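There are structures below to look over.
Both complexes below contain chain A, partnered by chain B and then by chain C.
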Partner chain A sequence: MDLRKKILIVDDDADFTESLSAFLEAKGFHTLKARDGGEGLKIARLQRPDLIIMDVVMNERTEGFFTVQQLRRVPELQATPIFVLSSIYSTHPEFQISPDSGWLAHDEFLSKPPDMNDLLGRIRRHLAPKEATA
Partner chain B sequence: MKILKLPKDKLDYFASVVQSFGEVHAPVEQDGKFAFKRLARWSEARLDYDRTILPPKKYFLPPRETLFQFKPGAGYIPFAGDMEKKIVLFGVHACDVYALNILDMVFGGKYPDPYYLERRKNIAIIGVECVPDAQCFCRSMRADFVDHGFDLFFHDIGGYYLTMVGTALGDDMVLATRPLFEDVGAGDIDEYKRRSGEKRKKFQIEVEIRDLPEIFEMEYASAIWNELGEKCLSCGSCSAVCPTCYCFDVADDVQLGTRAGGRTRTWDSCLFATHALVAGGENFRKSRSSRVKFRFYHKQRGFVAEYGRPSCVGCGRCISACPVKIDVIKVLDTLREMQHVVSH
Partner chain C sequence: MTAETPSELIIVIDDDYAMRLSCRKILSKSGFRVEDFEDGAEALNAISRLKPALVLVDLKMPGIGGLEVITRLHEIDPQIISIVITGYATIDTAVEAMKSGAYDFLPKPFSPEELRIIVNRGLERRRLALESHRHEIERALLTRRFVTFVSHQLQTPLVAIHQYLDVLKHLGDSADVAAKRNEWLDRCLRRTEDMQKLIKDWLTLSSVESGAYARRHDRVELSGIISTILQSYETMAALDGIQLESKAPAGPCAVFGDANCVSVVLDNLITNAIKYNKPGGRVTVTAEPANGEIAISVADTGIGIPEESRPFLFEEFFRVKQEAAQQKAGTGLGLAICKKIVSEMGGTIDVQSQPGTGSTFRVRLPAWREQPASEVVLVNGLAQEDSDRGR
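Up next, the complex of A and B:
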């Protein structure tokens, strides 16, 4: 039985997905991959990843935004940390609204390409066992 | 009313952010027709649609809903169902917003319906301009423009949507996305007026409605009702697709052996054979001709007497949906011609 934490990567850039997957697997995680939002939603429902890394611009430029909202409407995924990893704000500076959790329902937003050590630190923080409250 | 403009190439981003106000539902194409559905991605939205199969009323008065449940020992158990779900209906045409305003008069009037009103509170309306086709006669019914009943309304002015802010919620949506919007200039207003004029010319049907109640009063015994009764199948399609038909049936379903159950409300139609059947076996509209006549009379005469306006909004859905091609425009034209024949 595989006890490694599962991370789902949703990104249409196959090269980026493979390199990120190789990095995370080397750090002890098990990775799942999806090429677009629809596939990501399907895999997330079936496999219940511990964390999801979501690109934004895939088949269309706001696909990731809609997929995050869909994921949050699955009861079992409401508490799953979602990291949005995208270059959308550098490629579309006219989209001047920062992705706060009020509208995007995400946990972290990072620009692409991410600092891998920073990304790893955030992943570990979100997946650390929660301390029991008194 | 606050008026701004949104560049068309930012509409997808606007829709993304607006998801924080609720699930975004918009017209989606299915098998060559259109239906309001929850969007999985923005590209599914078809804001250039002509009309949806079912009107937005399906969100506020669902085809079937549980009103409450009951159980021995527990008594009456309120059933919230999906009434509290936040939804954003994106892309509602003016005639359908007008229809919701009509339903507001019925369900928010003398006997407020808490189920309808709760949904009306939780479902936001973003209207969008449309292009009339061969079946549209909303302009004749004064339903081609609305000034209330929506949270935002988008009018196409070329590279932008002129955005009317209708409510505080609409204002919240604009505030949440303010960097996307721009102020309106005189040129934008001129473009709006120019396009409004162009749209007026596109209506192919014109119906005079001002004296229709009187004409209906005088044609009560007309032979046309028997002719329509022979054609009509009493299928109820016209009622189902009509954005202002609101008849419903209520029934208690009891689970065998448990005495537990629920009360459900389902869509009904005055075309159905048992619609006017009462206890004791009397059916006040046994013939199809009487039921067809009743539907026309309620839309164009009875509703006028009670609420001051016809409940038909001229969306044209009944014309598309009728399997035997009963065309409301042709019926009204025939009644009017008969009136002229009589007066001569």
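Up next, the complex of A and C:
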């Protein structure tokens, strides 16, 4: 059985997903890929990832935000950490959401491209407590 | 905003009880909601909560005077209309008040009719101001959305390239990543090429928009342009087994305009026809005279365009939302450029399409005509006419 932690990457840019996934696999994670919000939701329901990395702008709208809300309505996914990644909205004042506000309670908001060491550190921090209680 | 018209809130601030009462009566009868205050400070405290459309202020009051009330009122909400109520002796101060932002003044004593007229005029002014303010906001929003969109289009490939390089830097030594190195570098190159194409298209589009593009009015022979373009794409088409054919008439077939523009349009249409074709498909380019115009068509046997996408096809950055189309690299600007150029040249462009079977883009441009002597006069002036007659 695969004991690696599962990370779902939801992003419409196949190149971004490819390199991020290779990086995370090299760091000992198992990655799943989805090209848009709908596919992300489907895979998340079926595969129950331990963490989700979500792009914001997909299909010419801020689909990532909608998908995060939909994911939060799935009872089993309510506490799954979601990292919201965006090249535009992380620096856009209107979209700065404090990490402890409402539906983004378990989430991180990162700029894109992410600093790989920083990203890795955050992923490990989010996934560590679960390992301790398991 | 619909609730605003019948029951806008009006606030009356006056230390004179009789005055407050009569204003209240008159304005209520006209269907306004009215609140009144004896004291300026008290009224100012309530402004943000009550959100009045208009405020009537007595100039001479104990405590905060009318002038200061108006200044502070506009600090809270610059869209509130304020009208000064004043006795004859203080006209000078009323003028001062208007300088500080009051809309108008109403000298005491006044008739109910005078009050209603001035209030309605003030409210009308406010509605106009609000409307133009809304338009300004809408325009700013559109511009900002567009800027955001373009920066996203440019940022996306940069992010992908950065990410590849960054991961290669971090993990270049690991066997898994090293095996992918060449493929990743190729992908980086392709993304930079896409970006260059986007910037090039973007510049073309803006130069067409500024009128700097379709400048020349020459005789443009189509058969040469068409065969040159078809030749240049033969190799690319052959990769997918796509046949390119030209059905230009044997005789001359020329349009009136700018050769470079015609090339850009046909180049865009022909590359699309190859790109969105099926393996083993065909691209047919036809040009023929039609009622003083030349009708050029570029037909493919490709994936076609869904009906719901067709109205937006020529808009900037529009791309057809179907899997087969989105897999192909594209800036979403090619057809927008075609449309702009064609209309600059006084022509039209449209599309007919059958999803799954193919699409035909048709361009109609003004045909070249040898100008009769009378028109030469108009174009080139009298001297030309004389020399023509001398021949």
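FYI, the second predicted complex is superposed on the first by the 113 of 134 C-alpha atoms of A that agree within 3 Å, B and C clash if a C-alpha of one lies under 4 Å from a C-alpha of the other, contacts with A are read in each partner's own complex, and residues count from 1 in each chain.
What we mean here is this: a contact is a pair of C-beta atoms (placed from the backbone, for glycine too) under 8 Å apart; a residue touches a chain by one contact, two chains touch by 3 or more.
Since the model is a prediction, treat every value here as computed from it, not as a measurement.
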Dominant toucher of chain A (residue count), chain B or chain C: B
Partner chain in contact with A:Phe66 - chain B first, chain C second, else both or neither: first
Which of chain B and chain C A:Phe16 touches, first, second, both or neither: second
Contacts of A:Met116 with chain B and chain C, given as first, second, both or neither: second
Which superposed partner A:Gln47 touches (first chain B, second chain C, both, neither): neither
Partner chain(s) touched by A:Gly37 [first = chain B, second = chain C, both, neither]: first
Touching partner for A:Gln78 - first (chain B), second (chain C), both, neither: neither
Doubly contacted residues of chain A, that is, touched by chain B and again by chain C: 59, 92
Contacting residues of chain A [partner chain C, same complex]: 13, 15-16, 18-20, 22-23, 25-26, 57, 59, 87-88, 92, 112-113, 116
Chain C residues touching chain A - in the complex, by the definition given at the top: 148, 151-152, 155-156, 159-164, 166-167, 170-171, 174, 176-177, 180, 184, 187, 191, 321
Complex contact set, residues of chain B against chain A: 10, 12-13, 15-20, 23-24, 39-43, 176-177, 179-180
Chain B partner contacts - residues on chain A that touch it in the complex: 37-38, 41, 59-63, 65-67, 69-70, 73, 92, 94-97, 102-105
